[in-house]
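So, here come the structures, one by one.
Two complexes follow with chain A in common, the first pairing it with chain B and the second with chain C.
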Partner chain A sequence: MKEFAPLLHGYWYLLRGAGMTLLMAGAAILPATACGILLAMAQVFGNRFARSAVVGYLFIVRGIPLLVLLTFTYYLLPLTGIDLPPFWGVVLVMALYYAAFMSEVFRAGILSLPQGQWDAARSLGMTRRLMLQIVIFPQALRLASPPFVSLCANLVKATSLVSIVGLWELTMASREIVERTLAPFQIFLGAAAIYFCICYTLALYGRYLESRVLHGH
Partner chain B sequence: MPFDLHFIARLIPALIEGAEVTVELAILTFAICLVWGLIVALANSTRGPLSWFAGAYVQIVRNTPLLIQMYIVYFGFSMAGFGLSGFASGLLALCIQNGGYVAEIYRGGLQAVSTRQYEAGRALGMRRWTLYTVVIIPQVVARIVPPMTNQAISITKDTSQVAAIAVMDMMKVAQVWVESSANTYDVFLGVAIIYLVLTSVASVAGKLFERRLAFAQ
Partner chain C sequence: MLEVADVSKRFGTLEVLRGVSLSVAPGEVVVVIGPSGSGKTTLLRCINLLEDYERGTVTVDGDPIGYRLDRRAGQRVRMSEREIAAARENVGMVFQSFNLFPHMNALQNVMAAPVRVKGIPRARAEARARELLTMVGLSDKVAEYPVRLSGGQQQRVAIARALAMDPKIMLFDEVTSALDPELVGEVLAAMQQLARAGMTMVVVTHEMSFARDIADRIVFMDDGLVVEQGKPDQLLFSPATDRVRAFLKRYNDRYRI
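This part shows the complex of A and B:
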């Protein structure tokens, strides 16, 4: 156990880093979800112009690595004169990036509802708004919830990239401890274990939601 | 100053040199993962401790960040006495992580073929070899091509993270050029366009392959 002494000294610092990771992920997930739903609605219900705008956005975001966007936001923000703290700059980029993936999840949820649901709502004389509000959205969100949760786990993992542009969170904290203790194996394994606890919990929750979707309630 | 043609003329060859490393990493990772993922998926489908190990491997690598895995391989292994080069560490970490995802794609493809297909083949008096080569494998391949294409795109984007362990891929080249020239816009546009071209090539290749396999659906 002597080999793991550095981890015992640094664990509190790592946990504080994990707190920052969770804060960052949470701050990004909320706007990402909102934008994702808007993008999905624009793609399903929008006119041709809105649809092609969303398709173009998805093409660009899905084709460029998040690290490229993060790095260049870091370099570009000071140039554009926008006075945004690095934390919010990073959260903004992650939210816009993940909104594209969220929109795919929600779009699949809306489109996988059987046609009968739309027909039934329309034949009851519901207005479009009422139909979406009480028939389509509740069911679509339920269908989309398992992939949504696994996307959130992906986002938590992706927050590790912000350490490359110099923000402090779990990965950065572990690098700092490694620089002091020269014990990369133990410290990075410890950081990996914390990430695993967060993401695996989300994965298990996603699996539970999926079984509920598959077998009714 | 943005859009400086002299600067762009010097920038493009440098970026293309970096892109060669990116493409090399992406192709090697994808090729290795196609084999390694299949091995893990087959191990996962057996009964007994082997399947337990394969399942644990998949969950662990999928629920920890690639960047941390790279740090463990790059810094951890060199501390433990068998250091790998940046390129080899990056490749190993990329294969470890994506092998987990590819294994899940194989598993999904195998599960999606219903047991009736096996029964029908046997009822027609097919031998095991014929049953697999004529009935089962074509259907599995047709099902896994779309998610594999997505995985190839994701691998291409993931390779950008090797910049964090001092590999001169396109991302690292871009960082060096931004820091030495301050011509952020040009470098950003160049990198973004090349990544978009690379991911589009992967996506189009997947679509073409999918069309050729349409008979198996």
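This part shows the complex of A and C:
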């Protein structure tokens, strides 16, 4: 047990780092979801211009690693004169980045509804807005919820990248303790366990949602 | 009541409807028969503009649905989405694949559109929905979700859902084709009841004996055209055209037990 003394010593620091990780992930997930839904709608219902704009955006985002985008923004922001605290800069980049993947999840949810649902709604005299509101979205969001949750777990893990641009969160906190205690294995084992707990909880929740989708009401 | 005037529709290079005209009187039950691919289903879907068409117009009770004829310009003008949605309220439709909303129970399926589209107060819409579900024999299933209902029950909910909008005319698109044989009867009975109550109906079906029972007039379509129409007994037993004779012979050969 003596080998794990550094972990006992630094666990509170790690948990504070984990809190920061969750805060950052949460702050990014909300706008990412909102933008993802908007992008999905633009792609499914928009005119030709809107559709190709979204497709272009997805194409670019999917072709660039998040780490490169984060670093790029880190150097770019000061040059543009935009005075954004690093935390919010990172949240912005993560949100815009993950919005692209979220939009794919929501788009798949909308498109996987059978044509008959649209036909039935229209034949009842529903306007497009009402049809989306009471027929399409409630079903599409349910269908999209399992992949959405797994994407959120993905985002939580991706926050570990921001330590590169100097933001303090779980991974950064671990590195700091390692520098003081010179016990990298114990500390990173602890950090890994925390990441795993967060993501496993999300995965369980995702599986619960999936079983609900599969078995109906 | 319903006037379909010279409607033409193509999918790519395939002409599905080649100038179809059809008028249906109030309270009349018209059954459309014909081989698959003859354009029957497409005709129904064009009537309430689930399918767009290149030529022709449709009116219900004199009101255009989809395209309005501009007399001065001598051409048709597409109505706005809002106007089209409003016009569709007058046309109820029941589909081969039921298409109930799976996230709503039977009662919610039936009352959603009256409440949200027509703005009928919730209590009144619910009373009416229960009445309609009772009429189709499902008073004990109001709280069930579609997954828990048989095909025949789902289809009867779908009929109640369409009726809840108080349409002037009902369209039935092969509504028994997806059902197990022993469930067909209950759906046909609900339609029969509706016909007797004086509803104007256009029915696409492959059930010939049902067609004979329920129809005031049978329309035979082939290759995107109305080939022949007439009283059921006349069309089914002494058709005027070879095309109908050939179709009925093939049908009888297949279903003779």
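Some points to look at:
FYI, the second predicted complex is superposed on the first by the 217 of 217 C-alpha atoms of A that agree within 3 Å, B and C clash if a C-alpha of one lies under 4 Å from a C-alpha of the other, contacts with A are read in each partner's own complex, and residues count from 1 in each chain.
Note that in this section a contact is a pair of C-beta atoms (placed from the backbone, for glycine too) under 8 Å apart; a residue touches a chain by one contact, two chains touch by 3 or more.
It should be emphasised that the depicted structure is a prediction, and the values quoted were computed from it without experimental measurement.
Superposition of the two structures on chain A leaves chain B and chain C fitting side by side, clash-free. Once the two complexes are overlaid on the shared chain, A:91 sits clear of chain B and of chain C alike.
Greater residue coverage of chain A by touch, when chain B is weighed against chain C, goes to B. In the overlay built on the shared chain, the residue A:117 is in contact with chain C alone; chain B does not reach it. Using the contact criterion defined above for the overlaid structures, shared-chain residue A:99 touches neither chain B nor chain C, since it reaches no partner. When the two structures are aligned on the shared chain, A:128 is found in touch with chain C, with no touch to chain B. With both structures placed on the common chain, the touch criterion links A:138 to chain C but leaves chain B unconnected.
Of the two partner chains, chain B is the only one that A:158 touches; chain C does not reach it.
Seen from the CA centre of chain A, chain B and chain C lie at an angle of 100° in the overlaid model, rounded to the nearest 10. Contacts of A:60 after superposition: chain B is touched, whereas chain C is not reached. With chain A fitted onto itself, chain B and chain C come no nearer than 23 Å, counting C-alpha atoms only. Within chain A, not a single residue is touched by chain B in the first complex and by chain C in the second. The touching residues of chain A, when paired with chain B in their complex, are 59-60, 62-68, 71-72, 75-76, 79, 153, 157-158, 160-161, 163-164, 171, 174-175, 178, 182-185, 188-189, 191-192, 195-196, 199-200, 203. Against chain C, the residues of chain A that register as touching in their complex are 114, 116-117, 119-128, 130, 134-135, 138-139, 142, 216-217. If you check the complex, the residues on chain C that touch chain A are 45, 48, 50, 81-82, 85-89, 91-93, 95, 97-103, 105, 112-113, 116-118, 145, 147, 158, 161-162, 165.
Against chain A, in their complex, chain B makes its touches with residues 59-60, 62-69, 71-72, 75-76, 79-80, 153, 157-158, 160-161, 163-164, 171, 174-175, 178, 184-185, 188, 191-192, 195-196, 199-200.
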